[in-house]
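The block underneath contains the structure these notes are about, expressed in structure tokens.
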Amino acid sequence: MAVEVQAERATYVEMLRRMLAIRTFEQKAEELLNRGEILGSMHSSIGQEAVCVGGCMAVRPDDYMTGHHRSHGHPIAKGADLKRLMAELLGRVTGVCHGKGGSMHLADFSVGSLGEAAIVGSSLPIAAGAGLAIKLSGSGKVCLAFFGDGASNTGIFHEALNLASIWKLPVVFLCENNQYAITTSIKISSAVQQIAHRASAYAMPGQVVDGQDVLAVHAAVRAAADRARAGEGPTLVEAMTYRYGEHSTRLRLPLYRSAEEVEAWKQRDPIVLFRGWIVERGLATADELAHLEDAVKADVEAAVEFAHQSPYPDLDSLWDDMYADPSPWRERPIG
Amino acid sequence: MAVEVQAERATYVEMLRRMLAIRTFEQKAEELLNRGEILGSMHSSIGQEAVCVGGCMAVRPDDYMTGHHRSHGHPIAKGADLKRLMAELLGRVTGVCHGKGGSMHLADFSVGSLGEAAIVGSSLPIAAGAGLAIKLSGSGKVCLAFFGDGASNTGIFHEALNLASIWKLPVVFLCENNQYAITTSIKISSAVQQIAHRASAYAMPGQVVDGQDVLAVHAAVRAAADRARAGEGPTLVEAMTYRYGEHSTRLRLPLYRSAEEVEAWKQRDPIVLFRGWIVERGLATADELAHLEDAVKADVEAAVEFAHQSPYPDLDSLWDDMYADPSPWRERPIG
Amino acid sequence: MAEMTFIQALRAALSEEMRRDPQVFVMGEDVRAGTFAVTTGLVDEFGPERVRNTPISEAGFTGLAVGAAMIGYRPYVELTIASFCYVAMDMIVNQAAKNRFLFGGQAKVPAVFRFVEFSRSYAAAQHTDRPHSLFMAIPGLKIIAPTTPRDAKGLLKTAIRDDDPAVMFDDSTFWTRRGEVPEGDYTIPIGRASIAREGRDVTLVAIFTLYPALAAAEELEKEGVSVEVIDPLTLVPLDTETILASVAKTGRLVVSDMAHRTCSAASEVAALVAERGFRSLRAPIRRVCTPDVHIPYSPPLERQIYPDKDKLVAAVRDVLSA
Amino acid sequence: MAEMTFIQALRAALSEEMRRDPQVFVMGEDVRAGTFAVTTGLVDEFGPERVRNTPISEAGFTGLAVGAAMIGYRPYVELTIASFCYVAMDMIVNQAAKNRFLFGGQAKVPAVFRFVEFSRSYAAAQHTDRPHSLFMAIPGLKIIAPTTPRDAKGLLKTAIRDDDPAVMFDDSTFWTRRGEVPEGDYTIPIGRASIAREGRDVTLVAIFTLYPALAAAEELEKEGVSVEVIDPLTLVPLDTETILASVAKTGRLVVSDMAHRTCSAASEVAALVAERGFRSLRAPIRRVCTPDVHIPYSPPLERQIYPDKDKLVAAVRDVLSA
């Protein structure tokens, strides 16, 4: 084990780096929102970084991934460029979606991030469709599909998982079970308290993992991805996790989670846990990690800087991505 | 047991009578269709009569029931008047829906038949909504929801069963698993081969019964209805059954079921089986049963006669059931 | 008269109706917390049985509402953002709208479904649909479209009492608007438009665009142009008489709609007038709508694409000079 | 030229495209048996991987099609009866139509979704929707509406090759119509209307009503009335130039649509002409549509409610005498 661990040192440090990148990026985004520079709604992944990174780093850079409304962390974990993500949040033309998608639609096809869907549950069939394309093409890839506990109550979850199962599509369904859909506890919204329990209704393996332990998530997703690549079909992995903040950064809702509950989860912070694990095993010194953190901060600052220097898209660019040939529309009046 | 059986003799004979009524009604409807008197599409319940009757007679006359596209049998089993059902199939104004609904939308609220839905799966939340109304009103009723194996792959199935479960609604979900959705075998459409297996995903009991045995269906639905009335929530009962004919009477599809398979099921005809059971136990003589059959035939003939003598609805009646007050629409031109 | 916001008016309507009629209940995601503002606090007065938080199952609970309505209840269903309508659409179109008819009048479906149309919320294309015209095309529904606190309260009360299924749309920018609301119980009839401002020269039918329309009328007044602003309030049934009477007087029509132009409510109004008001028309009709492009996220872009005062002023000048 | 039915033409288009491009595949319920006629027999040539029977999961497999299209495939999705569109609507509206835009052009969605509009099928209101105008209101889609075998084949081929998502509607009464179809590979451009019959006195834009429109024109010819019949063929983008040019010539417009009148494609055409062709108009526009009532089951009733030759003749006489 020790040998293996040493050999994969770089990987572990990279995992930590990406988790830090997510947290720092999110903190900066929240700051920008509170300062009035980001105007839409925004859903932070803080507290859930281990699921993002454990999942995305368990698949290959050219594998596919789909996200949902709470998905700044997913493309970062998949290796997307922070600059273009931040520019997107700030509505700039240099954004990864040219300012058209924003916080809920980050997509970076260059790293296999096929985009986020803001309609809860709707990215699940998209992921299965990517799986179907993989299967038809024989490319040997997999698609990793993130979704929330709340999404598991949508009809589309049922249809997508059944389809993926009967066609043995190479998909890993990774549930980020943070136990709430906005204010609604899974206790009152779902007949079963573990989403993984639903896997048997689709004759696929279901597994619950500690979502605050990046290595546990990584191992489960890696095994599921191997299974998928071997043609054995999809797996449902459920990572137990928690969001520290409000559902959406801008919301101020009546209390629906106890202070103790929030505190207890913060005690098992995924970054603190993983940093401790790395230091304990001597995979990096405290100094090296301090450096890493500084580097991440600098990256995020550079991303903001990049975004700030970028122009907003102009009106005519609206039509650019509507159709392959948007000219019939472009000619019509705006009014 | 023998005493009980004698006491319930009338019930058993009534069960048989309703099964015969369904078969005879369906045969007559097919005849009318083949003669060009019925013009739309029509889905026959022949072969599935035990599920219709076992289910409907296990609940009370004032309990509710919802059907689907293959639902001539359900209102008959629930006690609806054959005359108005036949008039509906023939598009007459005296039809149970005044000729507006037709074969796929028979409804007879007077016997608790809340109507059929032709969009597969869509009657499941309607049934759960009836369950919610029952619960809110404290009326102590239940709602029985029929659906097919194919319907269990729809998203709405998932949403409706989850909602019924979390709110402990008094609903019995009764799957008529005839193993095909049009030409598509459950083997290639569903990840699980028994629909009842999906019950655990909704934390409700699931049970498979012999759908050709009217008493087995009756017992399972009765138990589920008792459970529902006791406030313990919904149950999923799956009755294994078979349709003898084409998916829809008018269709002529390439073969997708083997002649042996069809024959094997016909060997376990629900009416033959139950008639045998009745005679064996001395609950009725062959003579009495011959009388019963004649009476049923006469009822069906009378229903056709009634329909034939009834007028078609006139154009103005179109608006009658559009809105509580349809006058703003009625005034507009038809063209 | 009390002054309140649009949202307060809706909440007042809902709580008054819940008090009046025990068959009225509320369902939707997070309705207890009231993330969509109208239902906040209701659970304290009416309890969790009548204020039901749902799973994320829009089709499911919309269907439950229809089922409960068919046997006597009057559900108010909070479907939140209009872009989510599509997942629940089958239940509204094929069940709520059709069941009375399909069953020959045996059932009625007195449910109210609310959708909010997001604008200037910077939530991008999957959260900014304005599908009211899609529902207008479905017979069997009534569609209310209040714009002021007074109308919001009165129309919601009417819709709840009405025996037909009703869909309510409101624009998110209305929420904080304040206005006078009559004291006590009052209702506003479904199917009657409001003449928000009388005028002689041009009829401006304003669909979810009352405020820029009034601003435009005010600006044009200074140039001596008198604009009659009509707020339909109900999209189905549409008050065709009020619109046609106005055009008969002014001879000119501008119709604006927050939705995309093609097959919009504005198209319907234009078609109506081209058909039945043609002889009064002295100039081409002008539609002022959101163009047929998805709503972009980038705030400076989104802000430019909706009908606004300037575009309306330009359109009115257009039809006057035509 | 070969003679074939409408359905044979669609099947020829599909199988030719499947032969030409291995990225084209077919999904839907019972597509192997081909209950909706077009796909019958394809599985024999192309195998079960490319001709996929699905569970009853319209939203699910429509979503899969979008996902597969986003990474290079060209799915043809058989959604059968248009009344089922609502369960799959979110996937078409929020995913297929928007993803190219939302992702700043990183994705394209070259999928084709087919819906059949049932008329005179006596299947009642839950099987007889004509929702083409609902999809016209969604930017990002192309909408084809062929009426003849020739156009069906050419337009479907174009739609399959097109990089944008396309929705095809066809009326069930077209299926058995026969007509000449050019030999070999040919395509018909999306966005160009066909002048099905030239005329001078009245423009008749016929949306899914080509056949009664031609019959009406023929009848009116005998009275010396010359009707120009325009079949849009593509509803989005609509060939506005052809329509406006015709009205410029005739000065009169009747527009008919098999759909309910309110917010129909006919309303859109009427609005377009009232806006941009007003100066040529010499009479009120007349819409001839299905009234805003659900389609009843009873055959003698259903038959009376659609636009037909007689209603079109009456409408043309109307605008001529106005």
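In this document, chain identifiers A, B, C and D correspond to the written order of the chains, with residue numbering beginning at 1 in each.
As a working rule, contacts are C-beta pairs under 8 Å (C-beta built on N, C-alpha and C of every residue); 3 or more make two chains touch, one makes a residue touch a chain.
Values in this document were obtained by computation on a predicted structure and should not be read as measured data.
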Shortest contact path, subunit C to subunit D, counted in steps: 1
Joint neighbours of subunit D and subunit B, given as chain labels: A, C
Centroid-based (C-alpha) most distant chain relative to subunit C: B
Mean-CA-position distance for subunit D and subunit A (Å): 40
Rounded Å distance between subunit A and subunit C, as computed from the means of their C-alpha atoms: 36
Distance from subunit B to subunit A - Cα centre to Cα centre, in angstrom: 46
Subunit B, residues touching no fewer than two other chains: 95, 97, 99-101, 105, 117, 119, 153-156, 159, 162, 166, 188-190, 322, 329
Residues of subunit C touching at least two other chains: 54-55, 57, 59-60, 83, 87, 90, 94, 101-102, 124-126, 139-140, 292-294, 296
Category of the chain touch graph - line, ring, star, complete, other: complete
Sites on subunit C touched by subunit D in the complex: 59, 83, 86-87, 89-90, 93-94, 97-98, 101-102, 124-126, 129, 131, 133-134, 136-140, 236, 238, 259-260, 262-268, 270-271, 273-276, 278-279, 281, 283-287, 292-294, 296
Touch list for subunit A against partner subunit B, complex: 153-159, 161-162, 165-166, 188-192, 197-198, 200-204
Partner subunit A, residues of subunit C touching it in the complex: 29-30, 32-33, 35, 40, 53-57, 59-60, 83-84, 87, 121-127, 261, 288-289, 291-294, 296-301, 304-305, 307, 311, 314-315
Sites on subunit B touched by subunit D in the complex: 39-41, 88, 91-93, 95, 97, 99-105, 117-121, 150-151, 153-156, 181-184, 188-190, 251, 253-254, 256, 312-315, 317-319, 322, 329, 332-335
Sites on subunit B touched by subunit C in the complex: 64, 95-101, 105, 107-109, 114-115, 117, 119, 122, 124-133, 136-137, 155-156, 159-160, 162-163, 166-167, 320-324, 328-329
